[in-house]
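Listed below are the structures to be examined.
Below are two complexes that have chain A in common, paired first with chain B and then with chain C.
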Partner chain A sequence: MAESDIALMAHLMRRAGFGATRDELEAYVAKGYEATVDELVHPERQPDVDFDLMERSLPEYGELAGIESNQQSWVYRMVNTKRPLQEKMTLFWHGILCTGFAKIDYGRMMSIYADLFRRKGLGNYRELIMELSSHPTMVYYLDNTDNHKDAINENYGRELLELFTLGVGMDGNFNYTEDDVKAASRAFTGWSVNPALPVFPYGRSPWSFRFDPTDHDDSEKTFLGKTGRWNGGDIVNMAVEQPATARFISRHLYNFFVADEPQVPAWKDTPPRDPEAIQILEKAFVDSGYEMSEVMSTLFNSDFFKNARFQKVKSPAEVVAGTIRLVKDHQQVKPGLFPVMKECTFMGQDLLNPPTVEGWHTGREWIDSGTLVERINFVADQVGNLDLPGVQLIASRMTGDNSITSPEAFVDGCLSLIGPVEVSEKTKEALVEHAKGGGEIRRGTEEERSSFARRVGEMLQLIVATAEYQYN
Partner chain B sequence: MMAGNGKDRVLVVLSLSGGNDFLNTVVPYTNPLYQDYRPTLGIPEDQVLRINDEVGFHPSMTELKGIYDQGKMAVIQGVGYPHPSRSHFRSMDIWHTCEPDTIGQEGWLGRTIKEMDPNADNVLTGVNFGRGLPRALVAPGVPVASVGNIETYGLLTGIEGNQQRTDALDVFSRMYAPAIGSGPVMDYIWETGRSALKGADILQTAPQKYASNVEYGSSPIAQGMKAIAQVHFAEFGTRILYTTSPYNSFDTHASQAGAHAQLWRQVSESVADFYEDLREHNQGDEVLLFMFSEFGRRARDNGGGTDHGTGGACWIIGDHVNGGLYGEYPSLNQGDLEDGGDLMHNVDFRSVYTTILEKWLGMDAKPLVGGSYEPMGFL
Partner chain C sequence: MSTIFFGIADRTFVFDRTVGRAEFSGSGFRAPMDLAVAPDGRIYVANRSWEYRPDGVRVTMLTIDEDYIGQFSSYGDGDGQLIWPSSVAVDSNQNVYVTDDHLNRVSVFDKDGQFLHKWGEAGSGDGQLNQPYCIRFDKEDNAYISDSGNNRIQKFSKDGRFMSKFGQQGSRAGELNLPWGITIDNDGNILVADWRNDRIQKFSPDGQYLSDFGNTGTSVGQFRRPTGVAVDKDGDIYVADWMNDRVQVFTGDARYVTTFLGEASLSKWGEEKLNSNPDMIRQRNMVQNKEAERRLWRPKAVAVDSEGRVIIVDSNRQRLQVYRKEVR
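On to the complex of A and B.
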């Protein structure tokens, strides 16, 4: 099997999911690239994670207010799902259509919220935004519970336009006015929650959406140049159809799945890194009537995607779930998932609890001197542990490859099996130098084979410590 | 600002995570409403460590009472901020960022470190003891080491064997050496890696350099204070040292009586040991300790514990502190309680920060806390 096919498939699986082991990559390559993309965008063809055991092992999940078991169950899904793109889309939308535990203070509601993206994330964007607007978690998070006929609260009306659909501006111009924000906010009056406030401190029954027609401003409004007695749903429809929305969502998709872009507030004035790619995505978005599965299929099959290797800094969730998948740990419910989940938090991504409604700052902003140490040490501890089945798989492939006789080939073999990862000359030299220091490569006796496996583990630890490995 | 011995002044912060129950920490033991509100958790008058005829400390705060009696501890009563949030995350974020109305990204101490060391010449100007960085310490371009365990802190700590690890770190420093033409993000990661390695190299010498007759306890709070002492004595130029009690440990919704007593025993002993250590090393003059919690708890107990409330307390300890009680004790009268059940704050926490920044660190507090707040008299 050609290394270039493996490398391309590894790229696809890192971006459309949380990576894959070499065995899995080979199976995908045998199936073919386009067929794999087709499988990814149709998660319903694969079985869902067996969630019953997980839920029973974490009784808090169903009953209490805490967030930790909800975060754990999400990491468990990322690690074990056979529908990797479904989980990746959930993470994608979670970082854009943000609500957070800090305000919601009810962990179960956050899981119910993430389920929206699991159900609709690869479906129709218009339907997604429609359901978002009436999702009790969002309604409460952005204060639409305080948005009344006689006293509007503009929080949801504004963020719907600024962060969920049009974006502030594009090509140097603003996409909407303050009057549009007010009109949108008036249209959403009366969109509230049952009960109106969370039951403090333990909200035990999920909230539900409630439309109160007596609190709804049914008068005429002018939104984006159109006048009518608009209700919230009309605003969603008009916002979704704006060309600015196609641009905004395409840039988000590019930033998350293809290559790091500047942070969102810069998008009004900063043109896309690859304008042609954005045009292709915009067209797929509009032509399909906002069907995300078709947009994603276009994206993954495009050359701009295939060529954008290692153009993104891994997010903490990608580091953690990707590593656990690689080493094949936690493939069933067992103790020890809590500290694994907490690693996401230590690396700067407290799942289900983004810092603000603007989500996490991505790209290089994931890295600081504290988080870099957390990343490197966590991953190195995993890949250096020869008791883990995924590490054993790499070690046994290395042991079985008789073409590996030189330090160079040893380093290349490890770089290939853990990725393939591409590294700079400087990095490669340092790794080869280290491999040379380990002495001659021998696998004749049982003792030599075990020492060889240890050297593989050490080399993997150094590879995951490289700057290159921090990229996806 | 220099201390009397010519050394830079240092701020140590101990965050009491989870929302400390103010009412059972500084106990208004003669107020009849107190026992009414606390049928289960009320501390009997004869057990309170009396400060005056109205209030006294929790019985397990023996050592802190000793420090108070020496006039080296200020207790700020009824601290908070307008429109309080009863969410741990949100309220802690407000204390961290000084932004109660909008959601802020930068921490007040991150900004302080940036002001002290604008070019990040010392990667250890600020050090956090714990996993993950509290937002108080976050600011763009400010490197802050986050030390889980000072004895084992460093890069690639999982590699077994001293020689193997030394070799690995040697490879690391070669791989992270500056190089041309790799782009700004790669350059940034390399630079960050070098900072982390440099910080770790320096920090790991602290435990070896350290010698003391003080024996700290085994609780995480005690170990955090010991690590702070080690790094401070090692003279790396660290000015801000931060640690947090175990995550949400003060969140005593249930079984509060035992848990709260144990936590304060740990805090009390650890802080006393820390000051003993400072005295032994003749360095008490340059260190100020600040302790706070994100909110107080509900006035009425819930039968076994207390739920999230608002007004709380904070503590400032050090040789330069004008000891005593500051701020008014919040009224317990039903009509004065916030939203019907919580203690009203009467001191804004940003006044406390302003006092520390201006009078201890000699800095202009206004840009660091986001506004002008009246400094207090505890320094």
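On to the complex of A and C.
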């Protein structure tokens, strides 16, 4: 099987999921690239995770009261899902259509919110935004419970336009006016949430949406140049159909799945990194009637995607879930996933609790002196643990003469099986120098095989500490 | 499969009371897995808690009138400690046995929670354990354990000596798929909640398959991952139908009688908690429909006490719901 095919498939699985082991990559390559993309964009063809087994061992996966259980449950899914793009789209939308636990204060509502992205994230964008607008988590998060007929609260109306659909501007121009924000907000008056049970003494219950017609402003409004007695659904329909929305969502897709873009606030005045790619995505978005599975299929099958290897800094969730998948740990429910999950937080991505409604800043902003150390230490601890089946698999699959392996072949083998990872010549020289330092690399005797596995673990630890490994 | 037979009208059930509240320590429960009722009426509840709150792992002791007696054990793998407590039972001396499906052992305590000894080791050989999920004693003080990961039931003396076993992985009659709750009926037969086969199977005391009822679904007489099973003095069978969030009642010959969906009211401990939090009272008063709070949510176990009360571990609501049978 050609290394180039493996490398391309590894790229796809890192972006469309949370990575894959060499065995999995070989199976995907055998299936074919386009067939694999087709499988990814149709998650319903694969079985879901076994909720009964999850909840059997850890009751908190069913109750989902505290935020920690919800975060842990999601990381378990990222690690074990057979529907990798479904989880990746959930993470994608979670970082754009934001709500956060800091305000919601009921973990289960955050998971119910994330489930919206599982259900609709690869479906129709219009339907997604429509359901988002009446989702009790969002309604409460952006204060629409305080948006009244006689005293509007603009929070949801504004963010719907600024962050969820049109974006502030493009090509140097604004996409909407303050009057549009006010009109949108008036249209959403009366969209609220029923009062919910408090935590004591038996725990909370899921919230529900409530529409109060007596609190709804049913008068005429002018929104984006059109006048009518618009309600919230009308606003969503008009916003989704704007060309600016196609641009805005396409730039988000490019930034998340293809290559790092400038941060969102710069998009009004900063053109896309690859305008041609954005045009292709915009066209797929509009032509398909906003069907995300078709947009994603176009994206993954494009040359601009295939040629964009290692042009994105890994997000903390990608680091953590990708590493655990690589080393094949936590494939069943067992104690110990909580501290693994917390690593996402320590690296700067507190899942289900983004810092603001703008979500996380991405790209190089993931990295600072503290989070870099967290990344390297976490991954090095995992890949250096020879008890983990994924590490054993890498060591057992190293090719070369059984008696002596050259340092260069040893480094190449490790780089290939942990990714494949591409490194600079300078980095490669440093890795080879280290490999030489341990003497001849032999696997002839039992003692030599044991030493060989240890040296593989050490080399993997060095690789994950390189700058190159921080890229996806 | 059971014969669906409606109109069994010679007994009715009334809701009796709610017991407990959510707490990580003291007078309440957190992710309760199982309960045992001792001959003196003392109730032992095994709390698994949440992984990130290991301080909630313990056994709570109380009475059905919500007199708090105390708690024992804690999170860990030392003597007398627990990682994943799964069930609790009491022998004729009122020693308390707690299974742990992560540590694959049984820890034994005296009636007040003083650690006595432990037995069991991980494995698949005779007497070894792989995810013990339920322990129950017969009249001779022998312990039956659902050795779930090994898909079998093992019989031990109460000091942990292996005696016999039955069952193997599968879905045919007499085979098991991750068995969970067990009980011993009035004839000494063993009823097993065959968890992933969504049925109850009955075995003779020496492990011969006798019968089964139930299959996968949400209708009357069907189950979604049954976790607990109990039999009362009349032979009626109670099944904690976990993922259907209900308890179903059957006659001894598996005819459907009724379903408990939960009717919880505020318990004594619950009222005490609210009275110390006026803001919670205010919030509760704003809620028009509290129906969801009354219902069972993932009932994990069911037991019948010496007065015939049916006590349900309403696990995700951190409480017990109690029904009383009235026979005409």
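One rule holds in what follows: the second predicted complex is superposed on the first by the 449 of 472 C-alpha atoms of A that agree within 3 Å, B and C clash if a C-alpha of one lies under 4 Å from a C-alpha of the other, contacts with A are read in each partner's own complex, and residues count from 1 in each chain.
Criterion: a residue touches a chain if its C-beta (ideal position, glycine included) is under 8 Å from a C-beta of that chain, and two chains touch if they have at least 3 such contacts.
Keep in mind that what you see is a predicted model, and the values were worked out from it rather than measured.
More residues of chain A are in touch with B than with the other of chain B and chain C.
When both complexes are overlaid on chain A, the residue A:Pro271 reaches neither chain B nor chain C. After overlaying the two complexes on the shared chain, residue contacts for A:Lys103 are found with chain B alone; chain C is out of touch. Of the two partner chains placed by superposition, only chain C is touched by A:Leu337; chain B is not.
Judged by the touch definition given at the top, the superposed model places A:Pro243 against neither chain B nor chain C.
With both structures placed on the common chain, the touch criterion links A:Gly228 to neither chain B nor chain C. Contacts of A:Asn377 after superposition: chain B is touched, whereas chain C is not reached. The intersection of chain A residues touching chain B with those touching chain C, taken from the two complexes, comprises 200-201. By the touch criterion given at the top, residues 100-103, 105, 200-201, 260, 313, 342, 345-348, 353, 355-357, 363-364, 367-374, 376-377, 380-381, 384, 424, 426-427, 429-431, 433-434, 437, 458, 461-462, 465-467, 470 of chain A touch chain B in their complex.
In the complex of the two chains, the chain C residues touching chain A come out as 21-22, 28, 31, 33, 48, 50-53, 83-84, 101-102, 178, 195-196, 225, 243, 264, 266-267, 269-270, 273-274, 277, 279-280, 283-284, 286-290, 292-293, 297-298, 315-319.
Those residues of chain A lying in contact with chain C across their complex are 52, 55-60, 62-63, 66, 68-69, 72, 194-203, 205-206, 334-335, 337-338.
Residues 86-87, 89-90, 93, 103, 105, 123, 128, 131-133, 135, 143-146, 154-159, 164, 167-168, 171-172, 174-177, 179, 182, 184-186, 188-190, 192-193, 195-196, 199-200, 253, 307-308 of chain B are the ones that touch chain A when the two sit in their complex.
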